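Notes to accompany the following structure.
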Amino acid sequence: MRAVLLRFAGAIPTLFGVVLVTFLLTRVLPGDTATYFAGPTASAESIAQIRTSLGLDRPLPEQFWRYLKDLSHGDLGMSLTTGQPVKTELINRLPASAELTLSGLLLAIGIAVPLGVLAAVRQGSLIDHACRVVTTAGVSLPVFFTGLVLVYVFYFLLGWMPAPLGRLDAFASPPPQRSGFYLLDTLLAGDIETFRAAAAQIVLPAATLALFALAPIARITRASMLAVLGSEFIRTARASGLSGPTVVITYALRNALLPVVTVLGMVFSFLLGANVLVEKVFAWPGIGSYAVEALIASDYAPVQGFVLTMAILYVLLNLAIDLVNRAIDPRARRGA
Amino acid sequence: MSAVLRVEDLSVAFHTRGGTVHALDRVGFTVGAGETMALVGESGSGKSVTAYAIMGLLEAAGRITGGRALLGETDLLATDLSRIRGRRVAMIFQNPRAALNPIRAVGRQIADVLLRHGGATSGNARARAIEALRAVGIPDPARRANAYPFELSGGMCQRVMIAIAVAARPELLIADEPTTGLDVTTQAVVMDLIQAMAVQTGMATILITHDLALAAERAQRIAVMHAGHVVEAADTATLLTRPLHPYTARLIAATPTAAGSLDALQSVPGGLPDLRGSTIPPCRYAARCERRLPACDGPLVTRSAGDHAVACANPLEAVA
Amino acid sequence: MSNTLAHARYVLAENPVTLLAALLFAAFAAMAILGPAIAPFDPLASDTMRALQAPTWRHLFGTDQLGRDILSRVIVAARIDLGIALASVALVFAAGGLAGLAAGFFGGWVDAVVGRVADTIMAFPLFVLAMGIVAALGNTIPNIVLATAIINFPLYARVARAETMTRREAGFVDAARLSGHRDGALVLLQVLPNIMPIMVVQMSLTMGYAILNAAGLSFIGLGVRPPMAEWGIMVAEGAGFIVSGEWWIALFPGATLMLAVFCFNLLGDGLRDIADPRRRT
C-alpha cells in the first residue's frame, strides 16, 4: 500500500508539468485574451477592465498561481458558445467517452492477445501470417476513415447497424444514471431493450477504435510470447509434463503479458487521440466532440479544459498500468 | 540387473539453413534400476540433445531419424509423452534460477506438478508442496513456498527444481549439468541431494556432465560421447583404469585429480568435426586421433566385452 | 559501403514488399511534385451540374457535392499532405536531433532539461496535445507542422541521445578531443555523421505517423481550410454523404491517405532492416 502511495507521489511532477504546459497554452492564445473575451464590439476601456478582472495585467507567475487556485476548485472557465461551465460539461460528457474508449480497448485486447498468442504458438502458420498483415496494416489505418468505411458497409449497404448518430437512437431514452455507462446502467435497471439499443450504437465506433488499437497489442503479444516460449522455464514446465493450456496460459502468457501491459500506455495515448476523431465520425456526445465543436467555434476554454482532462486521465492510466504491472510481476513488487 | 531405460540406435538430425546437421548417430546405452549413469563429453558432443530427444523436447528444427528409447515396455520416441514427462521421467537443468517461472511462487510451481501427476487435490496441494520443499532440505519451507525464484539462491533454486522433478516419483531422472554455475560447496550438496533422492525413491539417474571427475565420483557407469557418437561405455572403475577408446584416454588425461599435478594435464587436441552434409567420416574422432589406421575409414563398429563397449577400430587394448 | 549495398540488395530480394513500398513512394513523390500538371481537371473548379456523380470514365473517382473532380483533388492534395509531414519531420529531425545530441554529449543539466521536456510532452496523449497546440497558436498550416513536430520531439531526442551516448563511450571522441578539437566541432565532426543513419530511419518511420496526425487534425477542422484540397478535409467533407450512399467522396481520399501511410511504414521497416540488420523483426 505504501508503495502504491509512493507511485502516486511519483506522478506529481508529471502532473505539475502537464498543468504548466496547459497554462502556457492558455497564455499564448492568438491575439489578446482580453480582446477575445470582450468580443468584437468592445471598447478599449471595457477591454482594459476585462484584462484587470481576468488578472491578465499581473506577472505570469502570479497568473499561474491564480490558475492553480482556480483548478483546485475545479474551475476550468466558461464555454462561450454554450454558456455553461466547462467543468460541468466535461463531467457530463466524460462517461460517454470513457465507455467508448474502454469498449474499444477491451475489444482490441480480446482479439489482439489471443491472435498474438496463437501466432506465436503456431509460428509460420496461416494465423501467424494473418497476424503480421493485421499489425502492418493496422498502424496505417486513419481511424476516421475506417469508421466511415464501417458505417458505409454495415449501415448503408447491409443495414445491420443503426445510423451513426450518438449513443442512443431518437426513440430510446437514456437509463437512470449510475455509472454513466449506458451498457452498465441499462443492465442495472433491467432494461434489456435499451441495452440492445445502446449496444447497437456502440458496436461500430468501438470496433473502429479496436481496429486501430489491435495492431500494437497483437504485435507485442506475439513478440513477447515468442521470447517467453523459448525461455528455459517453459522448457522446465514442458519437461514436468504440465498440460498444454497450463504451459501456454499460466506459465507463458502471464510472463508475456508484462511487456504487453507496458505497451498499453502507448496504446492509450493513441486511443485517447483516436477517440476524438471517432466521436466526430459517429456524432458521439463525448468530451472529444465537445472539444472539436469548441475548436471550430474558436471557443478556447473548453479546448484547454479538454486537453487538461485528457492529460490527467492519461497520467492516471499510466499509473494504473504501473499498478497492474506490480500485481503481475513480483520482482517489481518486492524490488521497489 | 534390469534396465530402466534402454536407448538403441538413437539418431537425431537438425535441419538448419546451412544444411542438415547429423547431431546424433546411432546412440545407445542402458541405465539400470537405481543406477546413476553419466553421459560425459565436451560441449557439442550431443549429451543434451540425447536427453532432449528422450524427453521429446527437441526444438522444432530437430528430428529423430531413427532408434528406440525403451522405458520399461514404452518406446519414448514413439509415444505421446504428455502423460510420461514429469510422471515417469523427469529432468533438471543447469542455471536453475532461469529454469523456474520467475513470476510464480516456487510452492505453486511444485503444486502444479503435484496436481498434474502426484494425485494432489487443490485442498492439499499446498501442504504437499511444503512437504516436498522440506524433503529437499529447504529450511522454513512454509515461508519459502511463497518465495519467487529471484528471492532464492542458485542452490535453493536447484533444490526446488529437484523437488519438482521428483514430485511424482519418476522411474528416471535426467540431470543436465545440474551443478554448472553453482559454487563448489553447493555443487556437492546438490549432488548429494540428487543421490539421496535416488536412493530413497529407487529411481535411476542419468547425469549429463562435461566434468569427468564429477562423473567418476558420482556415477556407477559412464558413457563417453563424442560428436554424436557414444564412443565408449563401461562401469566407472573399468572406464577410468582401462579405457579402450583413445578419446576416453585423452579425457582422463585432461581431468585434474586430487593426487595428480597440474603439469600432467593434457588438453584434447583438435575440435569437433563439421556434422553437416553426407561426407561425415565414419569415425568422427578419426581426424583428431593419433592412433588412426586405414581401417578407421571403414564402417564404425561397436564391440563389447561384457559391460564394456567401445566404438573404435584400433582400441587401446584388444577387445575380446 | 559495398557491404551495406549488398545487404540492401539482400533485404530487397528477401522482402519484395519493401520494393513495392519504394515504387509507391516514387508514385506519391511524383504526385506531390507534378501535382496540378498531371491532374485532369482544375481541383477547385466547381460545376453544380455535375455534382455528386459516381465514378465514370470521365471522372474516375467521381465528383463531390460541388461537382469538383475528386481524382484531381486527390492528386493535388498529395503536395500539401506530404509537405506538412515532411516539413514537420524535418523540423523535429533538426530540433529533436540536436537536443538529443546535446543531452547525450554533455550530460548534466542539459540532459536533465531535455529529458524533462520530453517526459512532459509524453505525459499528454499526443494527438490531444497537438489539438491544444494548434488551438492555442492559431489555426494555420504552419502551426499544424509545428504541433506535429512537437509531439514527435521525445522520440527523436531519445534516439539521438541514446546513439550519441553509445558513440561517446566508444572512445574515438576522446581521441579527437586529445588531438585538440573543441567540443562543438567535436560533436558535429565526430558524432553527427555516426548517428545519421539511425536518425534517417527514424524519419521514414515517423513520416507515416506525421501524415496521419496532420490529416486527423484537418479532419476535425484544424489547419487546412476549404476549398483547399487535402485528404483529411476531403474525407471530412465526404463523411456526411456516406450515410446516403455517396461513398466515393470520402473513400478515394481516405484510401489514398491510407496507402501513403502504409507506404511510409513499409519503407521505414525496410530502411531499418538495411541500416540495422540486428533489429529485424
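General observations
All chains are identified by letter, namely A, B and C, in their written order; residue positions are counted from 1 within each chain.
By our rule, a residue touches a chain if its C-beta (ideal position, glycine included) is under 8 Å from a C-beta of that chain, and two chains touch if they have at least 3 such contacts.
Note that the structure is predicted; figures quoted are calculated from it, not measured.
Shared contact partners of chain A and chain C are absent; no chain touches both.
Relative to the centroid of all protein Cα atoms, the closest per-chain Cα centroid is that of A.
With centres set at the average Cα position, the gap from chain A to chain C is 24 Å.
With each centre defined as the average position of its C-alpha atoms, the distance from chain A to chain B rounds to 54 Å.
Centre to centre, using the average C-alpha position, chain B and chain C are separated by 56 Å. The multi-chain contact residues of chain C, meaning those touching 2 or more other chains, do not exist; every residue touches at most one other chain.
Contacts with at least two other chains are made by no residue of chain B. None of the residues of chain A touches two or more other chains.
Residues 55, 57, 81-87, 90-91, 93, 95, 98-105, 112-113, 116-117, 148, 150-151, 161, 164-165, 167-168 of chain B are the ones that touch chain A when the two sit in their complex. Listing the residues of chain A that touch chain B in their complex gives 231-233, 235-244, 246, 250-251, 254-255, 258, 328-331, 334. Those residues of chain C lying in contact with chain A across their complex are 116, 119-120, 122-133, 135-139, 208, 212, 215-216, 219-222, 232, 235-236, 238-239, 242-245, 247, 250-251, 254-255, 257-258, 261-262, 265-266, 269, 281. Residues 14-15, 17-18, 20-22, 25-26, 28-30, 136-137, 139-145, 148-149, 151-152, 155-156, 163-164, 223, 268-274, 276-277, 280-281, 291-292, 295-296, 298, 300, 303-304, 306-307, 310-311, 314-315 of chain A touch chain C in their complex.
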